[in-house]
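Each in structure tokens, the structures are laid out below.
Common to both upcoming complexes is chain A, partnered first by chain B, then by chain C.
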Partner chain A sequence: MIDFGFTLSKSSTVDLNKIDHSRYDQLVKLVPTARMCMNCGSCGATCTVSEYKGMSVRKVLYGIQRGEDVKAMLSSCMLCGKCTMVCPRGINTRNLILNLCKLYD
Partner chain B sequence: MKENVVIIGGGVAGLEAAKNLHRLGYQTFLVEKNKKLGGHVAIWHKLFPDMASTKAIIKEMVDDIKDVTVFLDTQVKTIESAYGGYQIAFSNGVNVHAKAVLVASGFELFEAAKKEEYGYGIYDHVITNADLEAWMNGNKDQRIPAAPKAIGFVHCVGSRDLKAGNSQCSKVCCMTAIKQAIEMKERFPNAEVYCFYMDLRLFGKKYEDFYINAQRDFGIHFVRGRVSEVSETIDGHLQVKAEDTLIGRPLKVQLDMLVLMAGMVANNQIKPIVEQAKLEIDSDGFLKSSDNITHIIESGRDGIFYAGACTGTKTVPETVAEARAAALAIHDYISGL
Partner chain C sequence: MIDRIPSGFHPFVIPFLVGMAFVLLYCFGAMIRVLYELSWQDRKKFFLSLLNPKILLKDIKDIFLNCLIHVPLWKRNKLFGYMHSSIAFGWFMIILLGHIEVLLFVPGRINLFYYPIFFNYFVAEDDVTLRGSLLFFLMDFFLLLIMSGIAIAIFRRIKNHVFGVKRMARPTFLNLVGLYSLWAIFPLRWLAESFTAHISGGSFMTIPANWLFRQFLGNELNMLPTWWAYSIALCVFMCVLPFTRYMHIPAEMLLIPMRNAGLKVRSSRKGFARVEFFSCPNCGVCIDACPMTVDNGNVKDCTVYLTRQLRRNNEERIQEISDKCLLCGKCEALCQVGVEGPGLRILERARRDYTVPFLYPAGDKKVESRKVLYFAGCMTHLTPAIGRSVEAIMKKAGIDFTWLDEQGGLCCGRPMFTAGRIAEAKAIVANMEKLILESGCDTLLVSCPICYKMFREQYNLPGVEIVNYIPFINNLINTGRIKVEKSDICYVYHDPCELGRGCGMYEEPRKLLGRSAGIAEAGHNREESICCGGSLGSLSLDFSQRENMTKAALNDLYTSNADAIATACPLCQATFARYADRPVKDIAEIVNNQIL
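On to the complex of A and B.
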């Protein structure tokens, strides 16, 4: 077979029917307020490590609903709790991160 | 009885204005093109934010105007300026000389089939917000499965869509979608419900609370991205495609039914009246008010007033408030104030 140099790109489409939702479902049982996120981004804006590691509770929470790997972000969290102070919906973000770390263990 | 006043349109605006003008002592004529009063609201099931029954609301409004002359199944044939008022001929043969005219002709629902990519009238399980309300009112609808497992709502169908000829936001659909999503989740607790939106415009009293409830108590999923196309799978499911703009990736999901939030568009059936009475149409296709801040109910023509969605998209409470204001404005006008 002659190699013409063509390759196939992996699809970037989020297929909601194929994503494993179990971790998110477990999380909202442990932290029911997690459902209330409206993606405002305050958590990421105030995060101590966001500018170095791209950490944002919003991205973590949204990412697990879209099948993204969020382990690197989770491990960069220092649990300082600043995000909990700024969340306008009163989501217990620090508790959310802690519980999610346990679910990934 | 004092002077004659003609109200064109028997929806909530016309009903509310008729009640108030009658109480102020005017000989009021209410003309409605359909066989029933209540307009669009009458086909709806419940109204946010109180989840009030439209049946009860319309019944109360209709009871309040039992002494008003109502012409159903009737249209304005001609209207012309005459003797310091307007000479109006109705399609039922009646002629009235009115000192003032209130246009309360409302809106039309965007024809969802025009957005062909969403498959209304093509696929088996695509309906509109109005179809869903009719179903909740007890109408049978084959398109709604007996036990749907996944339900989608598409916001902004025909609204904020220059290509569809409508630049305006239809204003009530975000809240209606959330209301209907909750109502479906209450009926089908095991179904996953998705709302596809561009922005959520929840400006009114308690609207944001509905959004919080939808998320927290009902687990309704909100996907930011306009649905680009809907297709039908071989086993009869609907495949919906959008970009999830929060994560920056294309997204697809299979659903059992899809509800299109058809928006409010200008009522073109009013055109003959607009031409004969020399009224102005605004750049958005709705009737043009004298100004859009303190004189929304004034047409700029002596003796012609507006109330409700004929001048733009409105909520029911806004429409009712305008109808009352218009009744008072007509009273002031006739009194020479």
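On to the complex of A and C.
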């Protein structure tokens, strides 16, 4: 192929039919409040680690629903609990993260 | 006193012997198991402590004061203390006096194990026996003491609230069997001794009863059946003992020397921890103490149920109970045997496996060099007024300092630690230690009690003094670097769990607050202070479940009628501010506003 000096970027389409939802379903069973997220982003905004590793519970939650790998984010969380304090939906985000950390193999 | 039965034996002693043999073998086996479960260092420490006369003396003293006299219970509740010590001490004295009697009157029988217990059946009074001698009197006196204790216990079962202890743990079937047989033992003994008193002699409890019974019941026929019943009651009690809360009696006698030897819980299930949870007599003090039990919720998640489920190895319940607790430490502070409710739960959490590892997110930071390094802590990011006030106070005092938070200091690691991820918490600690030591500071100033506890207990910072902001500011005032004026607002001070029970700091904050404002006390204060409900200790309590706890803690603060609430913890402040009907301020904010 002729090199034009640029490439096509990978499609960012998310095919929800092809995604494995089992992890999210398991999570919702363990932490029912996980379903209540409204993607406000308060959790990420307050997170100390977001500055270093882009951690945000919002991103973790939609990430697992879209079949993305969120492990890097999870392994940076210090469980400080600030996201829990600010979440307007009262989601127990620390418990959510702890439980997710058990669900990968 | 002469021997009445030439063989020195009667079949009714058999049930007692069976029960005694069983309980002794069981306790011996349990003790061997516990010793085996200890690490060899701990085992060595324990055995060495038994050889040390100073510690041994303390062991004996503590066992006497705690197990027999129940001093800690007396301090909490007089009636409760009387009830327990009358039974325990009375029983001990009866056994002791029984042995003395055998030694004095029939020394040849001392090798018969059951003789002191059933002494009155086997002997008859003769001419040389002093009628109503001191020993007889003492025997009857202690029997009366025990029976008064049992009467109170029965009354308590019926009318619980008289004691101010509102809730008790629900007894299991075996516990009830143990309870009823214990209640039966002493009245039966009294009856048996009374029916025998015209032969063996007696004192003020038994002689009149013997006389009375002679009028309408007759003594001879009733004598043997009651001795049998007494022996059987003893047997039943001793046979169920290992499976009931009464196991606390032998367990506590091992717990005290182990604690005095300096042993610590290292696992939530084995060794020292096992002794600890077997030592819980299910008194239920921790139910009323626990902030989670507001409106009778979560009663089954209190420490008394933790000990029960640990004994039963009920995995599901243990996990639930361990995850829910706020780790406020109040149950431990009030527990008379010192069951480490929070500590055991953290160790229990540490047993979980996590498949996603923790990787410290910021590794290559450097802090500029100043004498004082201030760490406000991550929670303070949500209550920035605290950090700003501390900063302002230091500027006014002319102190050269820098922030650790803004230069790579992320989190002290305490939340990770309480979640049971100990190795991960240690990774945070190691990174923070490096950062702090490299900065070359000589003072680490901390304004969050959660961090302060962590720094004190888990950090190794040679050459760096770790100070909480309360004594630090007090010191600034003492040395005249800042001057404060008293405002007319009256604050009620809330003891944060981590600062009060966690670090034992109760008076310094009151002193500082008192210098800058009026001060009032909450209904429950100091070591009985009620957790705000916001604690990071709990993993599973949801936001909505905590609301009632916070409101209950607030109501307790409101009883003081103060104008506002003062605290010394960013998390308490944020939690209270959500529902409080009056301002909630941190002491640093109050002081900063009052600086001249």
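Just so we're on the same page, the second predicted complex is superposed on the first by the 93 of 105 C-alpha atoms of A that agree within 3 Å, B and C clash if a C-alpha of one lies under 4 Å from a C-alpha of the other, contacts with A are read in each partner's own complex, and residues count from 1 in each chain.
By definition in this document, contacts are C-beta pairs under 8 Å (C-beta built on N, C-alpha and C of every residue); 3 or more make two chains touch, one makes a residue touch a chain.
As the structure is a computational prediction, the values presented were derived from the model and not from experiment.
Participant: For A:N95 in the superposed arrangement: first (chain B), second (chain C), both or neither?
Facilitator: In the superposed model, A:N95 contacts chain C only, not chain B.
Participant: Could you say whether A:S12 touches chain B, chain C, both of them, or neither, answering first, second, both or neither?
Facilitator: Only chain B; A:S12 stays clear of chain C.
Participant: Counting residues of chain A in contact, which comes out ahead: chain B or chain C?
Facilitator: Of chain B and chain C, C contacts more residues of chain A.
Participant: Considering only the touch criterion stated at the top, classify A:Y62 as touching first (chain B), second (chain C), both, or neither.
Facilitator: In the superposed model, A:Y62 contacts chain B only, not chain C.
Participant: Who does A:G81 touch here: chain B (first), chain C (second), both, or neither?
Facilitator: The second partner, chain C, only.
Participant: Would you check which partner chain A:A45 touches, where first means chain B only, second means chain C only, and both and neither mean what they say?
Facilitator: Neither partner.
Participant: Under the stated touch criterion, which partner chain does A:T33 make contact with: chain B (first), chain C (second), both, or neither?
Facilitator: In the superposition, A:T33 contacts both chain B and chain C.
Participant: Where on chain A do the contacts with chain B and the contacts with chain C coincide?
Facilitator: On chain A, the overlap between the chain B and chain C contacts is residues 33.
Participant: Which stretch or stretches of chain A touch chain B in the complex?
Facilitator: Per the stated touch rule, the residues are 12-17, 28, 32-33, 35-39, 62-63, 65-66, 68, 89.
Participant: Taking the touch rule as given, give the residues of chain C at its contact with chain A in the complex, in rising order.
Facilitator: The contact residues of chain C facing chain A are 323, 352-359, 361-362, 378-379, 381-382, 410-411, 413, 415-416, 419, 421, 428, 534, 536, 539-544, 571, 574.
Participant: Of all residues in chain B, which touch chain A in the complex?
Facilitator: Residues 194, 211-212, 215-216, 219, 221, 224, 244, 246-247, 249-254.
Participant: Given the complex with chain C, which residues does chain A contribute to the contact?
Facilitator: Per the stated touch rule, the residues are 33, 46, 48-49, 52-53, 55, 71, 74-82, 84-87, 90-92, 94-95, 98, 100-105.
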